[in-house]
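Listed below are the structures to be examined.
Next, two complexes with chain A in common: one pairs it with chain B, the other with chain C.
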Partner chain A sequence: MTERERYEAVVVGAGPGGAAAAAALARNGVETLVLERGVETGSKNVSGGLLYAEASAPYAIDDLFPEFREAAAERPVTDYYLHNLAGDRVKTFDITDLHEHDTEWSDAVLRRKMDSWLAERVHELTRETGGGLLTGVRVNGLLREDGEIVGVTCDELDPIEADFVVAADGVNSELARDAGLMDWEEPEEWFQGVKAVVDMPEGAVDDRFDLDDGEGEAHLFSGDLFEGVRGGGFLYTNEDTLSIGTVFHLDSLVAEEAEPHELLDALLTHPLLARWLDDGYEELEYAAKLVPDSKKVAHPSPHRGRLALVGDAAGQMQAQGPIIKGMNHAVTAGALAAEAFVEARSRSDPDAAGALYERKLREEGVMEKLRPRRYRAVRTLAEHDPVTDVLDAVLDSPVGRFGVRALGDDLERLYGSPFLSMMVPDTRTPYVTLPTVIAEELGDPVETKNGVTPPDLADRIGSLTYDVDVGNPHIELVDDAVGASGDAVTACPVSARDFGGGCYREETVRTNGEERRVVSLDTQPCVECGTCAVVADTDWEHPRGGKGVEFRQG
Partner chain B sequence: MADAPMDPGEYAIQELGPEIRSIEDVDALRAILEAEEAGENRAGAKTIIESRIEKFTEDEESTGEIDPSEMTAAEVGNALQDVDDPEELERIRAAEEEGKNRDSVLTLVDNRLDSVRGSDAEAAEVVPPEEKHPDLDHPTADKRHVRALEEGTYADMWVYCETQAGDLIDVSLEMLGKARELMDDYNETYDADEKVVAVLVGDGVATHAETCIEHGADVVVHHEDPRLDRFRHEPYTRVFCDMARWGGDPGAGNPDPAAWRDYDEPRYVLFPATPNGRDLSAQVQAELDSGLASDCSGLYIENAVISNPAKTGGEDREFERVLHMKRPDFSGFEYSTILCLDNPSREFHPQGASVIPGSFEVPDPEPEREGEVVEHEFELDEEWFRVEVEAFDRLEGGVDLTGHEVIVALGRGIGDDPTRGMELGLELVDAFEDAALGISRGIVTSSYEFEGHVEEYAAEERQIGETGQEVEPDLYVAAGISGAIQHKVGMDESDTIVAVNTDPEADVRDFSDYFIEGDLFEVLPRLVEALEAGKLDAAAVADGGETG
Partner chain C sequence: MNTVVLTKGVPDFREGQVSFDEDGHLERGETPTVMNPNDEHALEAALQTKVRRGGTVSVMSMGPPGYGDVLREAMESVYADDLYLLSDREMAAADTWATAITIATALGKMEPSPDLVFAGFKTADGETGHTGPQTCWAYGMPIVTHVVSMEVDPDAERLRAKRLVEGDIEEIETVETTLPAFVVADPEFEPSYRRAEHRLRHKDLREETRERAGEHEEHLTVWDHADLNLDPDYIGLDGSPTVVSSVDPIPKAPAERDATMVDPESDEEMAAVVDEMAPLAGGE
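Right, the complex of A and B next:
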């Protein structure tokens, strides 16, 4: 047999989880190779845009990368608001207290800038150990020998052996699926987020949000503006841009046949947003991402053999009520996985790394945050449709409305409770009904006219950068029947009904006098979010290294 | 003898060491030693003083001249490492010859001399490997190959312009454009007047001479022969090499006199990194006894300061006019820059590269450029054609939509009846004198089921746009195409764009000269009618419809 390339550790993916793992491994002298499929690190990465450092976490990103905040982050979040919307009525709660619970700091980030900065540090660190970071390499699976995982296989390079493989390859982790640890089956287990990065004139972020140096804001939006789809909107201030987006439960998006880009537009054109946006609205980038719901999918034992999953790949994305935390957990998990390997290696038992990693996740409290016991208790009762209907009916009734009025500003305090927020059930009650009732009963109308004209989907796709792998589509439609794959036409963030320029289109085919509704697929506009892997019948892979969409903002 | 600066008798042995540490004068130390001997004469004390004397005596000797007669060969070897003056080494060598005349010592001195001087051309004596190592097997000893020229003269950049099925392929023009740019810079930098020479070999290829000149060649050398209609390894190599030598004898460099050239062989040669170009480049460069950088994607010419054991004897030396050939390694993760440099004893010319198609732009043709066309005369031996090609197949080259006056392009507007839509498009194509049918990516990736007679038109080879073909006809008819940016980049250089669309808001309207709001199933037949009625003017057609 030919001699294979071999490293002590291979880290797949150079996002925050991979970067943290690689840095911690390299600092402990582990020979570490990092493989990243983007043409540059960060070009495949999208996030809502808030990165937390938790007081209770054993690792924050600036522990591992000391100059991180100055060099790679945007503005800190010093004020946090939740807006309940009903028509043009708005009731705003200040939830800064909830935001600051267990928070050392929290910064808005743009992933291209952040991840490419991290990658430089990671390359310097890993090179010292005899490894390094290679971009443009897509790892397409696990290398096995006699059924055991011994390394990874790539599109661009020969197979590589390793004593430890860290899969930090994101929400659509092909390694996690290859290992049988994760799947793309149930829409209930996922959120889908879409985001616009909005250019602001010089000084406008400071002026329009009334911010001083070292200040920034976060805003959440919920209520009746999203066609009854469970989820909400967000707005974060960056240095000179805004990150504005929406996050919805994928099952709800599918059930309502809602178009994600239209829901984003509903937020962008809401009168409340006219406070910050004007007619000169200029969108720098439209992006989308699938988000795992850790309460349901965070893998309690995210390892198999020499493989350990970290971050989104392991479903480690926590929706703490309205506040979403993902990257911080990826960082912690990455560093704990590295710690586990280093300890196992020092005991000459590197194969014990996985079990040790699992134990650390539990002992350091990470797993309890990701899969809180309180939520599990509430869920069994609260997520039944009859219960939801009763709750909604009560809330909407004069009695319920009286309750809301009576509670008044105490509601703000309730919303600010970290304990309550951990047990919010996934029903339309907290997402839609309650905020709408709150706004109707307690809110004041917004008078401002919103003059924003968001670009249409064709223009949004048109302004993205793609390196199309012509003749080599990365997604294949297995079943083109509307019944099997039709949900993708609306749920895919770059597809829409009656839009021919997207990924998924519904078409009528007539053969021999018979008419059939089918779905066709063009992967060229794909933003690699993974939605269709869940809602349609596809063979889904990432494009080859360096190919596909390239995000400039992230 | 100096006075002892101190009386050792006043110190205990352990005190003595620190006390004399400041004394470096050997004479003073000797005086102290004598004082000790005369006094207490302690063995320990004497050892301390002696070792200090020894230390400084050695220092003096090492800075002095080397006398090989008093040294072992190993000692000479060590001592030589500090000597880097060739004259001093010559003196040591002479001293050894007069003295013990040991072979081992002489070799050591010679080696040191070599490394100090570097292997000057005059000093390096070239011994063929067969003579140098007679004890080894030399399986290639009987092979005859042409040696590189000695003291050859070189000039110009040659570009092998490949043709396929009679047509010049794009990479040939790409290389000519790059060569032009390189030699313009070269002539300015080196105050020279060297040319770009295009080489055409084949059957009836001289017709491309003008194109080569328009794209940057100063001279076109061609060789035509009906037997060369397809690429043949041996005759093509023979022809190219004879062109390069211009009738000169292999390895001797005595070219036939020619008005357009005054050198033995080309300075640089470029080949396309196509299957045939790779084949030819390797054989030609071997025959000319030079090197080849294959599959390059970047080229530049500049001087290079190089230090290399074989090329410069380990010293820095500046090579002039070096062609730097960049090539991707490991699937493009790294780049190497290959230099083809003369050895002290062997010339590596022409400096040659094969170039990956698409690495450079096809230059804009300059019809007013002038150049010389030279026919190469050379007898082709029938023996070189002894391999017979019995059959060959040309893979489907796809559809070329460029170069037509009119393109009729169809989009997803045909979705209601794809086959009928395609038929209407083809009818419109037929109504023009020189038109072709293109389609949008939306059709290529659709699930439309076309009937057999139009199915072939729905293939990717007709796609216009970013990932398809880019066209710029006089007239572009976009029927049922919304006009996404990916489509627009493939056609918006067209002179006149006429769009037919049911949606008056369609993006295509923004970059159309005429916009007909209507269903293509109704509008296309009317366009065909108008054309057949003799109203060839697109504007007239547009005026007849609902225009925007």
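Right, the complex of A and C next:
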């Protein structure tokens, strides 16, 4: 038998977290192998995506990849607005101050372009160390010896040993689950993000947003347009396209039995969007993915033995009020994990890397951003249904409405406060009630007609690219009872009630003269978002390397 | 490890590419030449050996000068180092015997001499499957056919291969032989890269070849019969003992519906048609 392969470090996943970790390891001469399951790096990834470079962070992406902004990003965000909506009434706040707080720069990105560019740099850097980056390889678990983690196992390769394993495999990290560090049980701990990339005629982005060279905009939307589901919408300008999407608390999505694609359509067809979209609406891609809520799941000690978790795999995705910061924290954490290993190795104690990484996350202030103490205080107070009900009732009452009117434009200042944005409780009040009341009391009606006709779900699925692993489904239903798995029928972004072409549907089966309602699953149209790993009773894995959906925009 | 892949240009038999004249004979001039489809498996086997064991891969073909494109195609898929074309008028119209003599001589002239020679199973035009075994006989090395997977041990100078044996049931047989050896890859051949280092090397080779294939002519060696020191009487048409007794046109694909030819001049035949159609006209 041939000897087992061995590298000093194995990095699993080549999103921003993995790319940062691998680049930092390779620059320090660590022999590093990067394994990515996508057919090309980026083909599995989706984000909004505004990538931040925070002034206070020890690492930003252009520290590690100097030509990043020029080569891999879309437009910078130079203006940031929050729209409070109630019916056709809109009250807009300029929250550019909040956006610029602690921000060196912030660019919109499309993940296929960004991640594939990063991957080329990472491959060059790591190849020099004797490692390199491979696509089309799915890591399926941890390699253990005598109960200790000593490497990884893959679908496509024989087991590989390593002194340091970085799990940068994103949300629904199979490695974090295997190590017992994360589970996928509680819908409260996750958001679901859904996004459309919209093609724009040449010059239309500049014209319709009134932008000059080097300018771009971000818009957020909240209020009564999302059927009471907690969350909001976003719109970011790219070079020649728009990224428009929604991010909702998964528990709320399930509770309201809302259809994610319909919520996206509610945004796309809102009169306000007629400013930028016309009846020539052309969607390039529909995509979705779970997003961890760091306030609840960021692991305070994201390591075990030789394994360190970075980025979404460790739950390091911060919803800072309405602003979403995941990619930047993944970059910082990846680089800090690399730093920790390099230091530990130089002290001939590579096994100390994990503890050192944890310390760095704390000392560099990353952990405090992810799990702010202030939020914890607010949470115990405010996240109780009776409290929410009272707050909502007060807000909605003449007293509350008077308060909103009296505050008027001071509200804009409050919304722009980074201090307050850290503490926004996770309830209906800030997501739905307050914006609705603000729009009703302070907003003006939008007159324009919106002529957008979004594609239906069948067309959205039809225009995605898949390489289906026929006969080898990556998700299996463990319990097909409606009570156990029925939530997936609506929550799955490519399934819907009364739609036969999606992943999940409800059916009636007759056995021994008895009729039973059950849930059935067909993984063919799956976009690998991870939702049903949490809301249904499934055996959930990612598809084999190179198989499954392939995003071209991300 | 020095390997050679034998490849051949064949008419592109795909629908829409191939042309036949009225008699059903292939029109060579009208039909584009492509690499023999089965040779792809030989190329994959050679590439796997290069990736796993290092060394060089050369691609060799016998044919008209226009085969340069076929060789370039082969270079791109196998990341070949060198290309050899055995080409002159004297070699033309060779049967498998004369081809084998020519190729065996060319293999003997290569420096360093090959450790492994790969060929695909049958060509799409001749379909004989003779060239490989005859070349081995002429060169004097063992042949392993129907290979579906293989591994070489360069230190022990041995080859271990799994071959697909078709009988009443399909069986896999493992054989071992010494190097140099001739390997005929089966269409079922599956290259396997289960080590990261192999996949990384594969990626390196792809990068290197992208540059090389752009200037593939610089890596091309053309040998004629004089270079190979071959007597024209023993190669090409003159050196071919095969006598073609007749050529059957390729049968046309059967039509979806059955057709009966009817002579419109014959009253009898026309009456039969009317009889057959009468019930349909009645709306049945």
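Worth pointing out:
Here is the rule we use: the second predicted complex is superposed on the first by the 552 of 554 C-alpha atoms of A that agree within 3 Å, B and C clash if a C-alpha of one lies under 4 Å from a C-alpha of the other, contacts with A are read in each partner's own complex, and residues count from 1 in each chain.
Here, a residue touches a chain if its C-beta (ideal position, glycine included) is under 8 Å from a C-beta of that chain, and two chains touch if they have at least 3 such contacts.
Treat the numbers as computed from the prediction; the structure is a model and nothing was measured.
Clashing of chain B with chain C is the outcome of superposition onto chain A.
In the superposition on chain A, A:33 contacts chain C only, with no contact to chain B. Within the superposed three-chain model, A:134 lies in touch with chain B and with chain C [touch as defined at top]. Once the two complexes are laid over each other on the shared chain, residue contacts for A:524 go to chain B alone; chain C is not touched. With both structures placed on the common chain, the touch criterion links A:156 to chain B and to chain C. Once the two complexes are overlaid on the shared chain, A:471 sits against chain B while remaining clear of chain C.
When the two structures are aligned on the shared chain, A:480 is found in touch with chain B, with no touch to chain C.
With both complexes placed on chain A, chain A has more residues touched by B than by the other of chain B and chain C. Of the two partner chains, chain C is the only one touched by A:5; chain B is not. The residues of chain A shared by its contacts with chain B and with chain C are 134, 137, 156-157.
Chain C makes touch with chain A in their complex at residues 194-197, 199-200, 203-204. Considering their complex, residues 2, 5, 7, 33, 35, 123, 127, 131-132, 134, 137, 156-158, 160 of chain A touch chain C. Remark: chain B residues 330-333, 411-412, 415, 441-442, 444-449, 460, 466-467, 482, 484-486, 507 touch chain A in the complex. Contacts from chain A toward chain B in the complex involve residues 134, 136-137, 156-157, 458-459, 461-463, 468, 470-471, 480, 500-501, 505, 507-511, 518-522, 524.
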